[in-house]
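Input: structures, listed below.
After this come two complexes, each holding chain A, first together with chain B and then together with chain C.
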Partner chain A sequence: MADLRNAVIVGSNRIPFGKVGGAYASASNIDMLTAAIDGLAARFGLAGERLGEVGAGAVLKHSRDFNLTREAVLSSALHPATPAYDVQQACATSLTAAVQLSNRIRVGQLDVAVAGGVDSASDSPVAVSDRLRRTLIRLNAAKTPLDKAKTLAHVRPSDLTPEVPKAAERRTGLNMGQHQALTTAQWGITREAQDELAAASHHNLAAAWDSGFFDDLVTPYLGLTRDQPLRPDTSVDKLAKLRPVFGDGPDASMTAGNSTPLSDGAATVLLAEEGWARSRNLPVLARIVDAETAAVDYVLGNEGLLMAPVHATARLLGRTGLALQDFDYYEIHEAFAATVLCTLAAWESADYCRDVLGLDAPLGSIDRAKLNVHGSSLAAGHPFAATGARILGSLAKMLAQRGSGSRGLISVCAAGGQGLVAIVEAC
Partner chain B sequence: MKLDDLISGVLDSRVGRSVAAKAGFPEATVLRRGEAFPTGAIALGTVEPASGSLVPDALAALGVTAQPALVDTPDARSTDAEGRQRPPAYPGRLGAIVVDATAASRIGQLEQVRAMLRPAVKALEPSGRVLIVAADPATASEVETAAVRQALDGIMRSVGKELRYGATCNLIQIADGSTASELAQVLRFALSGRSAYVDGQPFVLSPLPPGLDQLDQREGRIVVVTGAARGIGAAIARRFGAEGARVVVVDVPVAGQPLAGVANEVHGTALQLDITVPDAGDRIARHVTERYGTDAHIDAVVHCAGILRDKLLANLDEQRWAAVLEVNLAAQFRINDVLLDPDRPGGLADGGRIVAIASTSGWAGNRGQTNYAASKAGVMGMVRALSAQLVDRRIAVNGVAPGFIETDMTASIPVIDREIFRRSSSLLQGGRPVDVAEAIVFLADPATPMNGQVLRVCGQLVVGR
Partner chain C sequence: MSEVVVLDGMPVAAAQYARALSPRRRPPLAEGLPDRVVNLLHHRCEVADVAAYDRVCGFDLTDELPSTWLHVLTFPLQLTLMTAEDFPLAPLGMVHVSNTITQLRPTLIGEPLELRVRAEGPRAHRRGVLVDLVSEALVAGERVWEGRSSYLSRTARLDGGEDSRWSSLSRPSEDGKSGPIRDDERSRQARPAEGEEGSRQARPAETPMPTAGLWRLPSDLGRRYAAVSGDANPIHLNPLAAKAFGLPRTIAHGMWTHAHALAVFQPRLPDAYTVSVKFAKPVLLPSTVRFAAAQTEDGFAAQLTNRAADKVLFVMDVSAR
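Right after this comes the complex of A and B.
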């Protein structure tokens, strides 16, 4: 390990996140990722530069976009000889890309790289049914007009119903909100606590925008200059009026207000070997110290779908010898307000930490004033693959402002019962 | 179809153009732009008795072989078939005439200027040049000398209004201590297409401070341009980029998308910044050190960011007043204060340049623009006063006053007014953003011997210095 180099976060850029069907309704994933890369190139003077690699991805992806990232690079101001690859790990996509590329820089395979993610809920791929798809493939293979006619005769009206992508787990048929509702009930998370967290997210994000915090993190796109889901004037009272949309019965507590909205957007992070960055007089903000991915068996109901980051946190802290309280900032992705609250509750629970995580003592509680201090996904929106890069870029800036050695913890849950947790430290 | 589109459609149509021409509106000429010199011969006329003039050496430094100017004396005239006296005629089209009037100190000598200009203006090619070189009236020791030098300014402005087909007339006033290479720097700009939209303008030279390595400093210079996302600012950034400068483009965060486009186009860096925030100067300096090194300094700052909030004074409230003065004037002061601190990393280098955008409204005034004219006249006052303070550091401060320039901003002016603005200039057309950019790059050049000047780029639209 002694020979590893230092990989640093130089800076980041994203476009403001849009509401589904909003400002980016007619923008494609390639358009948005290109815009995010172009803003990054402009901020750091990378136009015409050949970078080591760009790794990015999308969760909702058209089949024609199999080479999404490379296509975006070719459309961007970067040198066309910059290689690129697509990566996808649901909502952890761009954070996974950042961890991978940071490691490749550390072992000496790259000097500079861009990690990113993009998603469009507005321009989502709509597919034909499996039966129709198989019929069309046979039609393509049919040689004579008669064969073709016979093949087409198999098509039934019901085959023509398009398949729209759903945020549903394939193995359970439940969507993410329904899964979280089960966990929310299990941990006894109240409606009031969720609405308070959601209101704080909006107020914190609005304050960050007003203070100019995003001046060097975001480049406007298609006339959108701030995150579209942001409601600066929301309040616990207003949120309390919304009807639950996930969960059953009188205790259902998850509403559209304390769940992330479907969104469009893209985010990127510039990573480099420390010497490379310094020789080019580029900022050296922070570095990814370590990261851990966990997955849980949510299918049999042994664990909540979005609880994997808690497992990853336990393993990561165990490996690095850090306590949960050794951080200046905590960035817990707000898939739902309840996801964050379940994570905090699990960290604090002696029983859970002992019985499920196998720890001698609970990880403990954290200072809530250090949590998502500039808002998170509830207010900013959550274009799935872009969220990790959004969080990493903002956190790196916050840590650099706080000073050398300050530390942050990122926790991102992902579909499939997975979760990625990373430790970031200011250089 | 909107009325404006209809009118401009008619004006642009063949019939419309023909009617306009018959009504006495000659068509505008496509101006010669870029580095190119005139294609025709360049004539040199000298007001006698001359001795030790810089002009021949300056022309030689530009590789110009000038031919003697024809002089309209009674002896030189011929008589045509109808018995009328004709001045001597050049055999072909004349590219430019340079009148060296540095020796002019008596009223009688002005006749020589007339006699040299008369044959030349008839022979001038499209986008040709009339350049009068004289001494600065302010340095004259005798009253008559001062009057004669000022008279040349009047000649220049009137000739500018008489010339057609994109030809311009400008006056170059040299100072005590000016050198031939300094004059050559100004002549190069004035003869080339880079000065296409500069007309009826005196260039007042100040000798360059000693110890400045003047030439070949353009590559890699760090230049900061505010208001660079669109229009004139974007053109300025592009022009500096073409010179090989490292350009920092600054504009408000909401203009980030076009700003990023300009930054990437010129291979520079984008700084999203509202220049009215209190720490704007700090953030510019920090950006410079964080991109170009802890010991990096700015070589030129171009204050281009500006806004309009037009209202007749009777309807003008304090918000519209403050917004314009804040962006167009006060923000520049705060930024300059920070960047002019000699100990400031990322500040302005010794020998650096400041160029501020003023406006012809600052000279002539404009209905509905008390706030704007105040800010732009203020810029001119700042240029004069600040330039005098920074001589020790060899920093020059100059301004550019654009007239009617074709941009997104002026495209919103009603079509009739727009056409009147265009036709009111001696060149019968609006300028392009690149015309302003050329003047700014010229003034930001370390070899340009000018300090404390505001150069109009208005096609001689209005009166002004």
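Right after this comes the complex of A and C.
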């Protein structure tokens, strides 16, 4: 371990997040990722520079975009000889990319890298039905016009119905909100608590925009200068009027207001070896100290789909010897307000920490004033793969402002019952 | 000594249904079932057929055959027995009430299979008469798989075994209507469930199993399963045919429900196991149903309910051997 180098977060850039069908309705994933990379290149003078590697990805991805990141690099101001690769781990995509690239820098394989993510709910891939797809593959293989005609004769009108991407888990058929609704009920999370958290997210994000916090984190794109889902004037009273959309029965509490909105956007983070950054007089904000990915067996309903980050947190804290209270900021991705509240409740529960996580004592409670202090996904929006980079970029700046040695914890849940947790520390 | 009928190839289930539609005089039930084994000596599965079945049912395509696929293979042999001239019960309109499969060891896709099917029964049931179709699959003389499918004839009655409370249902009622449709409507009003163990299984389990899925079943599911299984029973394909058998609309194949439920556990199944299912109520198409699952001491339990989780449609128990 003594030979490891120091990988640092130099800075970040994202485009403001748009609402589905909003400002970025005409933009593709490549367009948005290129815009985010170009803003990063402009901010840190990387135009024409050959970087070590760019790792980014999207969750909703067209099959033609298998080389999405490389194509975005070729479209960007970066040197065309900059290599790139695609990564995908649902909503943890860009944070995973950042952890991977940070580690490659630490072992000396790279000096500078960009981690990112992008997603468009507006320009989502629509697939043909499985049956039509198989027929078309056979059609392509058919040699004679007669064979082609015979193959085409197999097409039924029902085959022509397009398949739009669903947020449903493949193995359960439950969408993410329905899964969270089961966990929300299990933990007894109230509607009021969810609406309070959602209102706070909007108010905190609005305040951060007003204070200029995002001035060096965001580059406007296609006329959008602020996150489109943000509603600065929302309130607990307004949110309380919304009808539940997830869950069954009178106790259903999850609404469009306390669930993350479908959105479009892209985010990037610049990572570098510390000496590389300092020699170019670039900022040295923070570093990824350690990270842990966990997955839970949600398939039989024994554990909530979005509870994996709690498991990852327990293991990460156990490994690093830190207590949950040893952090200055907590960034818990707001997939749903209830996801954050279930995470907090699980950390505090002695029974859960003992029986499920195998801990001697509960992880405990945190100071809520340190949680998502500049808002999170409920207000900013959640272009799935971009969220990790948005959080990491903002947190690195917050920690640098707070001072050397200050620490932040990021917790991101992901589809498939997965979760990624990272410890970030100011340089 | 049983009569052995050796088939020279896999029968086509659709043609058998067509034969079953033609009315005929049947021997009296009291004479029992024909003592006969239907035997297919050589059958080899095609990857494409298994893959198509896997896709409709939710299995991953592996080198091992899903145990429910072996039921699909034996089903045409079952129909050969049940559509024979001397079989005393009409196969169309019979209800598949329960099924048990024992996988003695995994069967690989390429293995040459011998299939044997015989009928056992009849047994009296409070709502008619039950027969069991007992199937075996062998590889080079080694038994690898056993199946027992229990079918209920709601129109037939067995002397002595009849439950007198329900006997009037097969006679003309006050408004002059009679027959299986009327019978079915009455019994549905009177009883919470249709299956063999219906009244016991009618309510969700005492300790509720956690929800592990919400299945949206499309209206063409019956046609899709028929295409990959060969089971073209019209109650799964055609709403009018379904109405003729007293159902409001088409219903999912019980063995699709079984296969889809088993597929949830596919990566966790032991090499040798017994899976028992009960089809408590018909699963109407289209519909959204709730799947719940739990681990048991030696395997898994699962049930399918309506979305509100107050009506049990299907229960399954998997036990390692």
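Please note the rule applied: the second predicted complex is superposed on the first by the 427 of 427 C-alpha atoms of A that agree within 3 Å, B and C clash if a C-alpha of one lies under 4 Å from a C-alpha of the other, contacts with A are read in each partner's own complex, and residues count from 1 in each chain.
Just so we're on the same page, contacts are C-beta pairs under 8 Å (C-beta built on N, C-alpha and C of every residue); 3 or more make two chains touch, one makes a residue touch a chain.
Everything numeric here is computed off the predicted structure, so don't read it as measured data.
Asks: Looking at the combined model built on chain A, do chain B and chain C fit side by side or clash?
Replies: Chain B and chain C fit side by side in the superposed model.
Asks: Which partner chains sit in contact with A:A42 here, chain B, chain C, both or neither? Use first/second/both/neither.
Replies: Only chain B is touched by A:A42; chain C is not.
Asks: Quick check on the superposed pair: does A:D130 touch chain B, chain C, both, or neither? Answer first, second, both or neither.
Replies: In the superposed model, A:D130 contacts chain C only, not chain B.
Asks: Which holds for A:L300: it touches chain B only (first), chain C only (second), both, or neither?
Replies: A:L300 sits against chain C, while chain B stays out of touch.
Asks: Where does A:A379 make contact in the superposed view: on chain B (first), on chain C (second), on both, or on neither?
Replies: neither
Asks: Is A:R171 touching anything from chain B or chain C once the two structures are fitted on A? First, second, both or neither.
Replies: In the superposition, A:R171 touches chain C alone.
Asks: Which touches a greater number of chain A residues, chain B or chain C?
Replies: The partner making contact with more of chain A's residues is B.
Asks: Give the angle at the C-alpha centre of chain A formed by the C-alpha centres of chain B and chain C in the superposed arrangement, rounded to the nearest 10 degrees.
Replies: Roughly 150 degrees separate the directions to chain B and chain C.
Asks: Please work out whether A:L282 is in contact with chain B alone, chain C alone, both, or neither, and reply first, second, both or neither.
Replies: first
Asks: Output check: A:L262 vs chain B and chain C. Expected answer is one of first, second, both, neither. What do you get?
Replies: neither
Asks: Which value in Å is the smallest Cα separation between chain B and chain C when the structures are fitted on chain A?
Replies: The answer is 45 Å, the least C-alpha separation in the overlay.
Asks: Touching chain A in the complex: which residues of chain C?
Replies: 55, 209-216, 220, 264, 291-295, 300, 307-308
Asks: Considering only the defined contacts, which chain A positions touch chain B in the complex?
Replies: The contact residues of chain A facing chain B are 35, 38-39, 41-45, 47-48, 77, 212, 214-216, 218-222, 225, 281-283.
Asks: Which residues of chain A touch chain C in the complex?
Replies: Those residues of chain A that touch chain C are 130, 158, 171-174, 178, 182, 248, 299-302.
Asks: Considering the complex alone, what residue numbers of chain B touch chain A?
Replies: Residues of chain B touching chain A: 246, 253-257, 259-261, 263-265, 267-274, 277, 289-294, 296.
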